[in-house]
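Dumping the structure here so I can ask a few things about it.
Which chain is which? They are A, B, C and D, in the order written, and residues in each are numbered from 1.
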Amino acid sequence: MTPLLELRGLGKRFGGIDAVRDVSLSVAPGEVVGLIGPNGAGKTTLVNLITGVHRASRGAVIFDGQDVTRQWPHQAARRGLARTFQVVQPFPRMTALENVTAGALFAGAAGSVAAARRQAGALLDRVGLGEEAHKPAAILTLPSRKRLELAKSLAMKPRLLLLDEVNAGLNSSEIDDAVALIRSIAAEGVTLILIEHLMKVVLSLATRIVVLHQGALIADGTPAEVTADPRVVEAYLGAKFAQRQAKALVGVERA
Amino acid sequence: MDAALLVQVVLNGILLGALYACIAAGFSLVWGVLNVINMLHGSLIILAGYLACSLWTEWQVHPLAAMLPVGLLLFLAGTALQVLLINRVVDRPVLTTLTLTFGLDMVLYNAMNAAFEATPRRVTLELGRLTLGEVVLPWDRIVAMLLALALTGLLYGVLRASRLGRAIVAVRMDREAASLMGIRVARIYALTFGLGAFMAGVCGALLAVVYPITTNATGQLLGKAFIVCVVGGLGTVPGALAGGLALGVTESLGGHFLGPQAAALLGFGLMLVLLVVRPTGLLGRKGYE
Amino acid sequence: MSPSNATALLVWILALAATPLLGDNYVVKIATFVAFYAALALSWNFIGGMAGYPSFATAAFVGLGSYAGALVQNAGAPLAVGWLAGALASGLAAVALGAVVLRLRGHYFAIGSIALVEVLSLTASWWSGLTGGGEGLNVAFLPGGPDTIARVFLYVMLAIAILALGTTVVVMRGRLGFALRCISQNEDAAEMVGIPTTRCKIIAFVLSAIPCGAAGAAYASWVAYIAPADAFSILLTVKVPVMVMLGGAGTLIGPVLGATALVLLEETVWARFLDLHQAILGGVIVALIFFLPGGLVGLARRGRST
Amino acid sequence: MPEALLEVAGLTAAYGPVQVLWGLDLRVMPGAVTAVVGSNGAGKSSLLKVLSGLLPATGGRMRFAGRDVTGAGSETLLAAGIAHVPEGRRLFRGLSVQDNLLLGAYLRRAGRYELRRDLDRVFSLFPILGQRRRQDATTLSGGEQQMCAIGRGLMARPQLLMVDELSLGLAPRAVDLLADALRSISNEGLTILLVEQDVLTALDLSSEAYVVETGRVVASGRSELLADDPRIRAAYLGRE
């Protein structure tokens, strides 16, 4: 099966330092890949390279067999390659409904503004923001803004969705709701890349985990393999996590 | 084009560039810290020039001696103006703050025309010339350059080493975090705008020694400040220096090879190129918007 | 567009159109200036109001239009062709200059747009072979008596303003208007939802340039003489956004209201206080910023809502 | 009932039309580490912004070290001894690590030697900062920036150090290091008020804890008890 996304020797240099070094990776349609790594490991830079926010210094990004290394972000969006922002980026003075309508109208290529508005209304209900549809995005609480970001991404009819720390700042029970929502998106066949610090989320969703450290891939495998890998523990997880993890792995049931 | 002539043209450019740095330093500080484009800056410089000239004609106070008093006077005026008017719109978008200072500039420009009539006036210094081989440099220009560099250096020292300077940089980078340090942001805005006006004051008095002072020059001075800030980099004194010298040399070379009007055109051309290639300027930093 | 706005605009258009019947040529001249500035204010609204880019480039497009129109007319073309040439020249310039200046944001864009005006003014005074340099350029005179001339230019300016108004309504309702609103609120997020931000901004810039080019060319034929300093006037390039702010930015009737108010104000002030004219206009601008932040439209809305 | 260092009663606050605090009551005992946990947008960070004067309270009372400080500005509250390490660290770009730390002591107008001693105390707590004192503070890694932000708070010689979102965006390993540093600061007698998203870390570090929901306290008590409380486990530790 040809991979949906393929990175070949991808590199990015920012003023002397290699933020991303020689990353090669391929993701098949329908996969849910967790992308973890310490702060400053280059995770967000990698997302920016894939979605055209930054231009790669070396290597190539192949999406659905097409070389999209030099694409603009709006071209990525229209190809069905969507991403959420680590710091949520709504249109502040527009209502939640209009924010999602924007996704449907442009990347989602809805026929008209009215059609886009209808699709947006349905998606807001799905993420549980139905009654906040006419509130300006700026005054929504953080959990609601996160759900708005998800609804906007869905409105863009994505084939590959990069979720950049979409759960940062949520508490455990809010995370469970978000995980359930993400699981339903994956169930529809949308390929997902989860950029996360919260191991709880990654472990309950990802079928495969890729670890980035100082710009380079240091591990790629199933959750069990990766969390046991000594290099990953040393570079990222820390000893305390290992004990808690050993206890928790026993308790976590995955649907 | 023999070497001596080239050296002469470049040195003239450096003499001019030091003045441009001094002209732009105050403007760059206000833009960098308060995020306000101060369209008044050119008129403040010319006002200082008029004051220095009238101090010279009425009481024989030499412009170089008048620099400090005129500077302090403008410092007080600038601080008052900021506290009364500008502080109330400092958070509004650039369209509002730029238009406000443009409106104030129209008032000051008209008032100066009424008070001083537009006849250019200047205080000539008979200091003779310095000759190095075939290169000839008028002493008054050299003195003006040295004083301009000294003033810019003084501002740099204040910002870098003093407690007030650190507070100003802190307010520029993150206003809310600065107030967490106990810094009174409104007071820093007032002092910074006052400091900007002080620089315009001393620079205006200095200019009276080198150039004819006339209200027609306010627009040009403002234009130079724009170019120097963009070319050199915003809100940093080394940026103003780098931008000033770059503009001075470019205009001097341009003027020599292509004529005076081309010099001004080259200045703006240099700015547009820098705006696109490196909007943060030669030494500036990204991310004020 | 709300019915009250529609009727207000219709009344405004009819009032201006009727001035040749009601008043003497002086009144017609003022009406022509009102239409001229209304066209400029409506054009500015595409880039300043909708896309949220604080543009001070209006004078660049007006000046460019004046020179293009003048040169084409002096080469023997009929007046109308001159005006079209002005519109085309400014439109094409907006594409080229936009690709450069629109990469900047906020303060840098404001400064970059003012620099355009200055660069074009310096070029016009430097390139004396083409533009007559500092001495300026005489423009072929429209045949016909003073009444017909006054009337022709009133209706030309009014037509340009109506064209700009119509385009505004169409754009505001469609995809481009929605895209520009997204860009003005969060440009990065706009790019992320699939909006080709650079292309949309350039289109808005071109839309803001074309009516200015036409109006500039018509103005050149009306006054029959242009020189770099007043064709590319910094005062005009700041006055136009002030008019939009006076009327109420981002609205439909704001620019029209603001242009009308400021032109009438200037006429009364100019007549009485010739030498203090600039100080008083400056004072009005300062007062506007403190006492009318939302503009006249904001005032009306506040009036209705309390 | 020993005298509380900080006492807040019926506190209300809002960002424009959006009210975030709905009558919040809180007591912080001297020498202890008190944690405030709760879902995001519950008002935890807004509480700290009110306590440090960044966000004006619209109602309620605030007493600190026996004095009523209701409605006081940032400067007065810092002078009274409340230092706030803000969410996202917010160090000053363009200034070195040392200059950032010195700004922490801006209000004290202390002499050169006193400042030198305070700097050395911070460098002994966080040696990495000593090695990188000349470097631009914002070029440090996330964990190091958090250390610098905490150090900057200590430079004000506060009676109460408020830390907002210690772990946000940091790798678990960095959070462990910082938690140990806070423990040693607390052992030296400094009172700490910690707002933290990661409930495990928060309860592990603190002796007292408050659970905040939509701008009001819904549960409070000793941290170990709260950690075992089924309601809290369900609400905040998910279905584990």
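The criterion applied here is as follows: contacts are C-beta pairs under 8 Å (C-beta built on N, C-alpha and C of every residue); 3 or more make two chains touch, one makes a residue touch a chain.
Quick caveat, the model's predicted, so the values are computed rather than measured.
Sorting all chain pairs by how many C-beta pairs they have in contact places B-C at the top. In this assembly, the chain whose C-alpha centre lies farthest from chain D is C.
Chain A and chain B, compared by their mean Cα positions, are separated by 48 Å.
Look at where the CA atoms of chain B average out and do the same for chain C: the two points lie 32 Å apart.
Annotation: 43 Å between the Cα-based centres of chain B and chain D. Multi-chain contact residues of chain A, defined as those touching 2 or more other chains: none present. For chain B, no residue reaches two or more other chains under the stated contact definition.
If you sketch which chains touch which, the chains form one closed loop in which each chain touches exactly two neighbours. Looking at which chains touch one another, you get A-C, A-D, B-C, B-D.
The part of chain B that touches chain C in the complex is made up of residues 31, 35, 37, 85, 88-89, 92-96, 98-100, 102-107, 109-111, 114, 219, 223, 226, 229-230, 261-262, 264-265, 268-269, 271-272, 275-276, 279, 288-289.
Note for the complex: chain A touches chain C at residues 51, 72-74, 77-78, 82-83, 85, 89-94, 101-103, 105-109, 113, 152, 156. Within the complex formed with chain A, the chain D residues making contact are 15-18, 37-41, 141-143, 165, 168-176, 197, 199-200, 234-240.
On chain A, the positions that touch chain D within their shared complex are 37-40, 86, 139, 141-144, 165, 168-176, 197, 199-200, 236-241, 244, 248, 251-252. By the touch criterion given at the top, residues 52-54, 74-75, 78-79, 84, 86, 90-95, 99, 102-104, 106-107, 109, 152, 156 of chain D touch chain B in their complex.
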